[in-house]
Amino acid sequence: MSAVLLAMAAAVIATTIAALWRAVNGPARSDRLMSVQLLGTGAIAALLLVAGATGAGSALDLALVLAMLSSFATIAVALAPAPGRGGAA
Amino acid sequence: MLLDFWTVAVAALGVLFFVAGTAGVLRFPDPLSRLHAVTKADTLGVGLIALAIVPQAATPLDAAKILLIWLATMLSAATVGPLLARVAIRNGDER
Amino acid sequence: MTPATILGIGAAIIVSIALYGVVTASSLLRRIVALNLLGGGIFLLFGVIARRGAAAGFESDPVPQALVITGIVVAFAGTALAVALVVRLEQARNESPDADGERLDGADAP
Amino acid sequence: MIAGAVFDIALVALLVALAAWSVSTRSGFTAIVGFIGYGVLLVVAWMRLRAPDVALTEGTIAAGLGGVLLLTAQARVGESAARTSAGAPRQDGGPSTIARIGIAILCAFVGASLIAVVLSLPEPAPSLAPLTAEALPRVGLGNPVNAVLLGARALDTLLEKVVVFLAVIGVWSLSRDHAWGSSPSIGPRTTSRVGGAAGGIAPAPAGPIAMLARIVPPFGIVVAGYLLWNGANEPGGAFASAAMLAAMALLVLMAGLGRIPRCSQGSWRATIVAGPLLFMAVALLGLPLAGAFLAFPEAWSKPIIVVIEIALVISVASALVLLIAGPPTTEPSP
């Protein structure tokens, strides 16, 4: 079963690779941020699956830390003043 | 055995939601609709995966941690959603 | 191939890409970002060596791990100082757009 | 094992892609976004290398503090550039195309050499793990990494804390003369700006950020304590704990629910130096009590380490917040 869970973790990582296309091509600042947000959620899911596969409690600690901090980048951007002209980054 | 079946089935459902979320991020036409994919589908995906892993937890503390991870993910998604929408609107990306 | 070998090759590729970024960066902040990418790759190489050194019941040699943790902290402190310098430099440049500011500009682009 | 290998290759491909994107993209903002994603994935990579302590340190830095530091700086630089030079952002061409090709070849050579090194590492891999295992009971900690950090390499750890402290002095010394003594500002600004009414983030401590900043910090403080306490025997430790604490403080500051004390305030300065000073005092006490600098009497090893770690966590967390907030400023903050 642990092999199945690891394969699922690989699948989650693979979907985030696909979502990276949005980060690269944008076009908007919010699109890029969104992809990184998705990457963070994907990493949490992958860590949960790894924890289920290997029984490693430390993977859970890590997922917990990532989950608590995952909103920080977006908060920092939302607080920063809007870029001067245009908007598309 | 039954629990293992539960783990695999529910986790597979969770992975499916991740695939759906990515499809949404790639296919939806504008940032505000893509926001749905990121904040809803993926949060549901993490929730399902967390639910799937709970029976595999070695100790009650681990199970509590898994639930806390799920809560933190939901809170974070609930915060990030409106903020990303504001960033999108402020920058005039909504179209 | 073991996970350590796969990640080691990846780390080597990251180091070469990040090194290119450090040398050719178009702004100081980008240079700092590239330097941190480079650091991440080098730390990962340490991790590969630690993983290979698994012995005595440990899954990974603790000494390189401890070195990397110290390294991450020091790299963060250095990054924060560098970032503060860049922000201050930018403010100074905008406050005095005279000959002095031009010289700062020149120093920026070697 | 096949699933494991596929996972590793996917992970490495994603890491390399993010690094390349961060280096090659046009906008500075995008480069930083790429870097944050790269940091999050590094956490997973460290997990695969069975180094959860490093993964926790990297995770708190990459997912929380580093991103805020760089994104805030990017906004400050961009804003300051937009305020005066009303034109296109400054462009310097950088190296010419030929130089770029030469640099690329040299960098590729470095990468190829490193790959060759990785593939030809000595086969019974050299390891200090047996020595660490032998010393573990004397330090009194079950977590080998923290035992090394506070035992064999305690001098490194002491100097590392001093470096963090010196970096704070460095950042503070960049303050303008008239702003010296005031407090650094991070978080929402009260100054009106164009478009502020049409969708800018409201400065009042309400809304999503304030909600998060009211709910999460209690949990975060518990997690920080757990990481510190658990660090004695399981992955965790002083720095991960301090970074978590700093992140929570940062969240409160960013929500506008609190502010950093003035940098001229004595008690605040004392908090920042207390950890390193206590560590140094204990190190010096080792001379008469145990016969060497930084030597702890064996029976007291564990309690001494716990006390030092608690003091360090508070000092390092304060220092990290200050490093991210930047120099003291007189700009209005709520």
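As written, the chain order gives the labels A, B, C and D, with residue 1 at the start of each chain.
Keep this in mind: contacts are C-beta pairs under 8 Å (C-beta built on N, C-alpha and C of every residue); 3 or more make two chains touch, one makes a residue touch a chain.
In this text, all values refer to a predicted model and were calculated from it rather than measured experimentally.
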Self-check item: Comparison of B-D and A-B (more C-beta pairs in contact)
Solution: A-B
Quiz item: Where the CA atoms of chain A average out and where those of chain B average out, how many Å apart are those spots?
Solution: 10
Quiz item: Once you find the CA centre of chain B and the CA centre of chain D, what distance in Å lies between them?
Solution: 26
Quiz item: If you average the CA atoms of chain A and of chain C, how far apart do the two points sit, in angstrom?
Solution: 21
Quiz prompt | Separation of mean Cα positions, chain D and chain C [Å, integer] | solution = 12
Exercise. For chain B, jot down the residues that touch at least 2 other chains.
Key: 68, 72, 76, 79-80, 83, 86, 90
Quiz item: Among the residues of chain D, which are close enough to touch at least two other chains?
Solution: 4, 11, 13, 65, 74, 195, 200-201, 209, 212, 216, 219
Quiz item: If you look at chain A, which of its residues touch at least two other chains?
Solution: 4, 16, 29, 33, 35, 57, 61, 64, 68, 70-71, 75, 77-78, 82-83
Quiz item: Pairwise, which chains touch?
Solution: A-B, A-D, B-D, C-D
Exercise. Going by the contact rule at the top, pick out the chain B residues touching chain D in the complex.
Key: 68, 72, 75-76, 78-83, 86, 89-90
Quiz item: Which positions of chain C touch chain D when the two form their complex?
Solution: 1, 3-21, 23-27, 29-30, 32-34, 36-37, 40-41, 43-45, 47-63, 65-70, 72-74, 76-81, 83-88, 90-91, 94-95, 97, 105, 108-109
Quiz item: How about chain A: which of its residues touch chain D in the complex?
Solution: 3-4, 6-7, 9-10, 13-14, 16-17, 20, 23-24, 26, 29, 32-33, 35-36, 39-40, 43, 46-47, 50, 56-59, 61-62, 64-66, 68-73, 75-85, 89
Practice problem: Would you tell me which residues of chain B are touching chain A in their complex? | Solution: 4, 7-8, 11-12, 14-15, 18-19, 21-22, 25-26, 31, 34-35, 38, 42-43, 45-46, 49-50, 52-53, 56, 58-59, 62, 65-66, 68-69, 72-73, 76-77, 79-80, 83-88, 90-93
Quiz item: Quick one: in the complex, what on chain D touches chain C?
Solution: 4-5, 8-9, 11-13, 15-16, 19-20, 22-24, 28, 31-32, 35, 38-39, 42, 45-46, 48-51, 53-54, 57-58, 61, 65-66, 69-70, 73-74, 76-77, 80-81, 83-85, 90-95, 100, 103-104, 107-108, 110-112, 114-115, 117-119, 121, 125-130, 132-133, 144-145, 147-149, 152-153, 156-157, 160, 163-164, 166-167, 170-171, 174, 237, 239, 320, 323-324, 326-327
